[in-house]
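Read through the structures below before going on.
The following pair of complexes shares a single chain, subunit A, combined with subunit B in the former and subunit C in the latter.
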Partner chain A sequence: MSDLSTTRMPAFMRRLDPAVTTAFVCILVLLLVGSMYSRNFLSPEYLLQQLKVASFLGIIASGMMLVILLGQIDLSLPWVVTVGAMMSSAVAGYGELGSLLSVPFGILCGIAIGLINGVGVAYLRIPSMIITLATNAVAQGLMVVYTGGFSPRDNASAAMRYLATGEAIPHVPNAVICWLVVGAGTVFLLTRTTFGRSIYGIGNRERAAYLSGIDTRRVVMTVFAISGGLAAFGGVLLAGYASKAAQSMGDAYLLPAIAAVVLGGTSILGGRGSYLGTVAGVMLVTLLLSILSVMQMPEFGRQIIYGVVIIGMLLLYGRERIQR
Partner chain B sequence: MTEAAPLFCMEGVSKRYGGVRAIEKADLDVTAGRIHAILGENGAGKSTLIKIMAGVVAPDEGRMALDGRAATFASPAAANQAGIVCIFQELSLIPDLSVADNIVISNPPTRFGMIDRGAQRRIAEEALARAGASDIHPLALVKDLPLSRRQMVEIAKALARNPRILILDEATSALTAADVSKVFIVLKRLRAEGLALLYISHRMHEIAELADECSVFRNGQKVATYAAGSKSDNEVVELMIGREYSHVFPPKPTRPKSETPPVLETRKLSWTERLRDISFSVRAGEIVGLGGLDGQGQRDLLLALFGVLRGCSGEILIDGKAVSIASPAAAKSKKIGMALIPEDRKTEGLMLPMTVRDNLSFAALDRVSHGGIVDREAERRLIDDMIKLLGIRTAGIDIAVGALSGGNQQKVVIAKWLMNQPRIILLNDPTRGIDVGTKQELYQLLRKLADAGAAIVFYSTDYDELIGCCDRVLVLYDGAVKRELVGPEITERALIASALNIDMAEVGRAAVTA
Partner chain C sequence: MKDWRFWLAEQRGTLLAVGIFVMMFIIYSSNHPAGFSPNVVQTAANKGVLLAFVAMAQALVVITAGIDLSVGMIFTLTNCLASWVVVGSPLQVAMGVIVVLGVGSLCGAINGAIVIYGRLQPIVATIATGAVYFGIALALRPTPGGGVDETLADAMTGRVFGVVPASLVVLAAVVAVVWVPFSRSVTGRAAYATGSSEAAAYMSGVPIRRAKMAAYTLSGLLASIGGLFLTFFTYTGDAAYASGNAYTLFSIAAVVLGGVSLFGGKGSAIGAIFGALAFRTIGDLLFVFDFDPLWQPLFQGVVLLLAVSLGAFGLFRVRNRLDWFG
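What follows is the complex of A and B.
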């Protein structure tokens, strides 16, 4: 029953998940609507710029996706992004060595916070919504203490700026390459490794995964650590992009990250979703934001539209789930 | 027996779940002022009968009448309203609320829209007194009470609803002997007050002491109603046996005397109050059955062996060496090589939305991966082998396992574990809810695995399976091994008698377990 073509076929069909298709159709619609506002909207420069902006969100959303696949949530994201940005910039101030270590140090700080989340959820059985909210508050407090409440004076290191704004390949922003690398890693992790299988298994039915002899706690803890690391990496790039870290620079990423994952068809209850969907979701959210700002929609309007879109998508996918 | 008009009667009531008939054209008369005991083995339809009476499930057909008037209950609340109150086996109390809160929970007394705490306390005190448990303080939290006291609160809660028919489903199974006799005094007084009581218990001596009349159910039908005391235990067991079966079992080999230490052995394995000093051993090539009524610790025993339960005492020996199994991950490791086919394939065995491939290789990922990266070729080969070995009928390995039939899903659960080539296979009621054809395939498979050297522990609620498949059967009662039946001793009569913990001359030759 299984020569190569038949086993490939369903995998290909799964990629045509209705949610993913919907997301891509929405992207096209947005592009059309945008081009009616301004002819620049379809220009390569603009699209490349959008892709660059999307890559920050894409990297951050990758971690969020893994957590959501487990059926959990990581609400510590805003200040982990900020911690990543601030800590890497802080280290950048310490000469040559500091400049070299800025990127890994920022990521490590994020992993550390993620580990705390992971231990809390996996071993202490604290609901992820609570513990990640708490670590978010603690991270915020620590950063405020560190900066004294003012915006930090440190500047981003050259490495950070290069990663965020440089172009190793002409016309292709390095940030996009970073996202490509993170994305490829995530896809590999999810589809080819035992770890990825375990994530889907736990998200579907934690008890069955545990009874199958999976060390579910270790998997959960690791996923939170990855999520923290990726969020901090996103923060590092953002600081490089703006050449400075800023207070609460991560606040604008929590809802978009969740929105991107959910719009891409990943079940908010865990266990189901593809990375391609998340890519679509990230682009959709970025374009939506961009169009709203082109239309000069004030901040509150954007927030309302986000929220409504997320609720709408959840209703749509939730119904699909019940039908089964 | 049936003088005057019965308070409640049931005629030709049937209920099916999917293709399985739970009860079929059952009749029952309940008379005021009498205690009516219901007897029957696992799956005889007792629980369904009660659920229908209590409005928990609706019957597919048949009539019910209360006071001679036709009655249908849309919900438990409607049945309560009509005066039918049920005390279920599982406790229904909320631990963090007080006793009084629990007693009036469905219908608290109110004043100006707020709960009238004074009235609530009075009601609770009355109900507790009526239940013979006036020593329980109404404001105590339920979670602070020991199990036996909670059961008394449960009874008080039922009485606070002023029932005309009170159903007790295994309501004494959690009680100590002293509490049981207290409850009996209360029940007898309630009978004198004119209540009709329906009493379900597996404890024969309780029924003998309490019941006025008994009904025996078998295979979804009532087979007899008789006045209590008019039949011997022996005759009752006869009534409970006697289902027609068409299972085909593979022949059992004559067991060779093995000199090697048993693959799996336990010594005084205990866990809370659910497992008591369980010692047994299984040799390679042997199928050992776990028998007894439902919920006597068989499941807990399997979970304890598989490293799921925390805080077990006693020893587990593998190949004669003591080991500690702290988690399923440890249990499936190469050194121990254990597999557990869990009870509920939908929540414990499988991830239904995931593909057949993902499910099959899930427990054996170590075997099909190098350095954490899945070798998809090796995985496919192993999966194809398994699908062939078990004859799993599926449209492909990349479809959701939830789309397969129940029998094929169960095969996937078993295949998933066989991928690990386990030496010890624990099965928790693996044939529940699957068709006869698949059952037979499973019996053949089990014997084949045993012949290949696996040690198998097989819990089944179906006595026929135990008789047909097992070389030995351990009968559990109240968390302890009551009797070990070997070879030709494994008969339905012996199984039921020991499951009910009654002594019968015919099976007096009870092997005492080590």
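What follows is the complex of A and C.
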């Protein structure tokens, strides 16, 4: 980047990522389109409801973003979400103590799967796409055996329901607060800690990061564990929201999570991206899905438009530079 | 080094896949209550061939260092399409088959165009196109149904001369018509070169774009042959999200088992075929040992996990720690 042109711009403009800006502009466009369809679309209640729905995706996408920043990908997300939901509901059945432990236990299960991914990627050097596919299959197998192939009968605990649907502060759903906490934590991690800087370093070039004294393998392993934990936390909240876990409830979250991260300007090759972009991406995806359902689009149309819009937006700003 | 040593070194992954498959199939057929009979082979072949076609499709793209996560959805889409068009008089059936294969190739070509000219990462681009293809499949078949010309279907899933499963013959024919010419052509070599190092391939004047485009298009074609066969087996079209997804995942597993490197430039579609057959046989091993089918997904997952972990043994040969980071 040339210094001359950038120094003349005000500081806040210089820091703006064109991708993030485009994403926010797209959100405004979506809001406009939505408001043309229905007057309720811009009402505070509806927007708050959207924010609540977005917070589930936001929490899950936060973990995915960290992994993508490393230049890796976590395809075990669908069943880690489901494991989080099912295991926390399962523990909730064990009386007072179980109800208390349900949330941490669900998250712990996610962290455990994430750790396996992390060890595979960091220490065994297995490509992340393969090892996470494999752990996804194992997690699915475990849950199929656990439930016997039927939808599970356990109900979500009171704590889970409170986290997902309650309102500790009037008019602010707890799910949104959860996302705020997770988001603040991620931003702090990425911008204020050595750990966060090493994530960016590894994403740019792991070799260089290793040579500059970072224990890259430990960082990669930890990030996968965090991603697993966050995905499971998302699952716990989803179970609390629906008051039940369901088979393959996580399938609907893989594409949106990756899409949200990538639409937010994070490079799928790693090393570049900001959390603000991911927030924009999450809102973008949620609004898009919500508009399609407001328009009463049948499922097939939703899938087609969804795919086309994602490709279109990526063509706008997600393109790689020409290698010459 | 002699020529055959080079050949052996190049084909190591493929040969390993053949070895795994032969071993698994011997265990499978020797424990099967009916033993090694044409019937057992036919059933196993019909199951395996579906995945073999999809795995071949995946292998072509993976060789160029890309990945096609829409391959299972093209498979589903062509299945739904075939349940509409492969019916009627022999001429109509023939036209129907051509239409199905054409649509599959078109889907592949769209993927290729987006990746090459749109310069998007294959993984994201094909996830998104996969959603589109699934949407179209759902529009074609909101509920399972439709039909297929039963004479053709029975011929394709039956046996030739009462012994050899017809599906295996078709698979061999497709290999001979699609894979062998491709891998020996300039375009095919260019695909390997591109996967090995795109920058070096560009510098040497290799037609990168043509190679990638050919790989993606042929991948769509192969996936549509798979979709056609699914219709022949089931006589219906079904836009099932889970099944399309599973085929995508299994195709990647089969490709890895078949010795095709996900970093590109290494392996062959033949390896992927044997990887697919081995993967299917492993999945079916449980049935011959009388386990509860409930355990099948877990068993498949664990085998997959172990298989990919085996690749880690290469780490012991690493002398320079920097080689960890490839």
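Please note the rule applied: the second predicted complex is superposed on the first by the 292 of 324 C-alpha atoms of A that agree within 3 Å, B and C clash if a C-alpha of one lies under 4 Å from a C-alpha of the other, contacts with A are read in each partner's own complex, and residues count from 1 in each chain.
To be clear about the criterion, contacts are C-beta pairs under 8 Å (C-beta built on N, C-alpha and C of every residue); 3 or more make two chains touch, one makes a residue touch a chain.
Only a predicted model underlies this, so the values are computations on that prediction, with no experimental measurement involved.
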Touched partner set for A:Arg192, first subunit B, second subunit C, both or neither: first
Touched partner set for A:Gly149, first subunit B, second subunit C, both or neither: second
Partner chain in contact with A:Gly141 - subunit B first, subunit C second, else both or neither: second
First (subunit B), second (subunit C), both or neither touched by A:Asp215: first
Subunit B versus subunit C as contact partner of A:Leu255, first or second or both or neither: second
Contacts of A:Arg207 with subunit B and subunit C, given as first, second, both or neither: both
Contacts of A:Gly271 with subunit B and subunit C, given as first, second, both or neither: first
Which partner reaches more residues of subunit A (counting touched residues only), subunit B or subunit C: C
Subunit B/subunit C common contact set on subunit A: 207, 210-211, 324
Partner subunit A, residues of subunit C touching it in the complex: 67, 114, 118-121, 123-125, 127-132, 134-139, 142, 198-199, 202, 241-242, 245, 249, 252-253, 256, 262-263, 294-302, 304-305, 308-309, 311-312, 315, 321-322, 324-326
List of subunit B residues in touch with subunit A within their complex: 306, 308, 327-329, 331-332, 340, 342, 347-355, 358, 361-363, 365-366, 369, 372-374, 376, 380, 384, 396-399, 402, 416
Subunit C partner contacts - residues on subunit A that touch it in the complex: 73, 120, 124-127, 129-131, 133-142, 144-145, 148-149, 206-207, 210-211, 216, 248, 251, 255, 258-259, 262, 268-269, 299-308, 310-311, 314-315, 318-324
Footprint of subunit B on subunit A - complex, ascending: 1-2, 6-7, 9-11, 14, 192-195, 197-198, 200-201, 204-205, 207-215, 271-272, 324
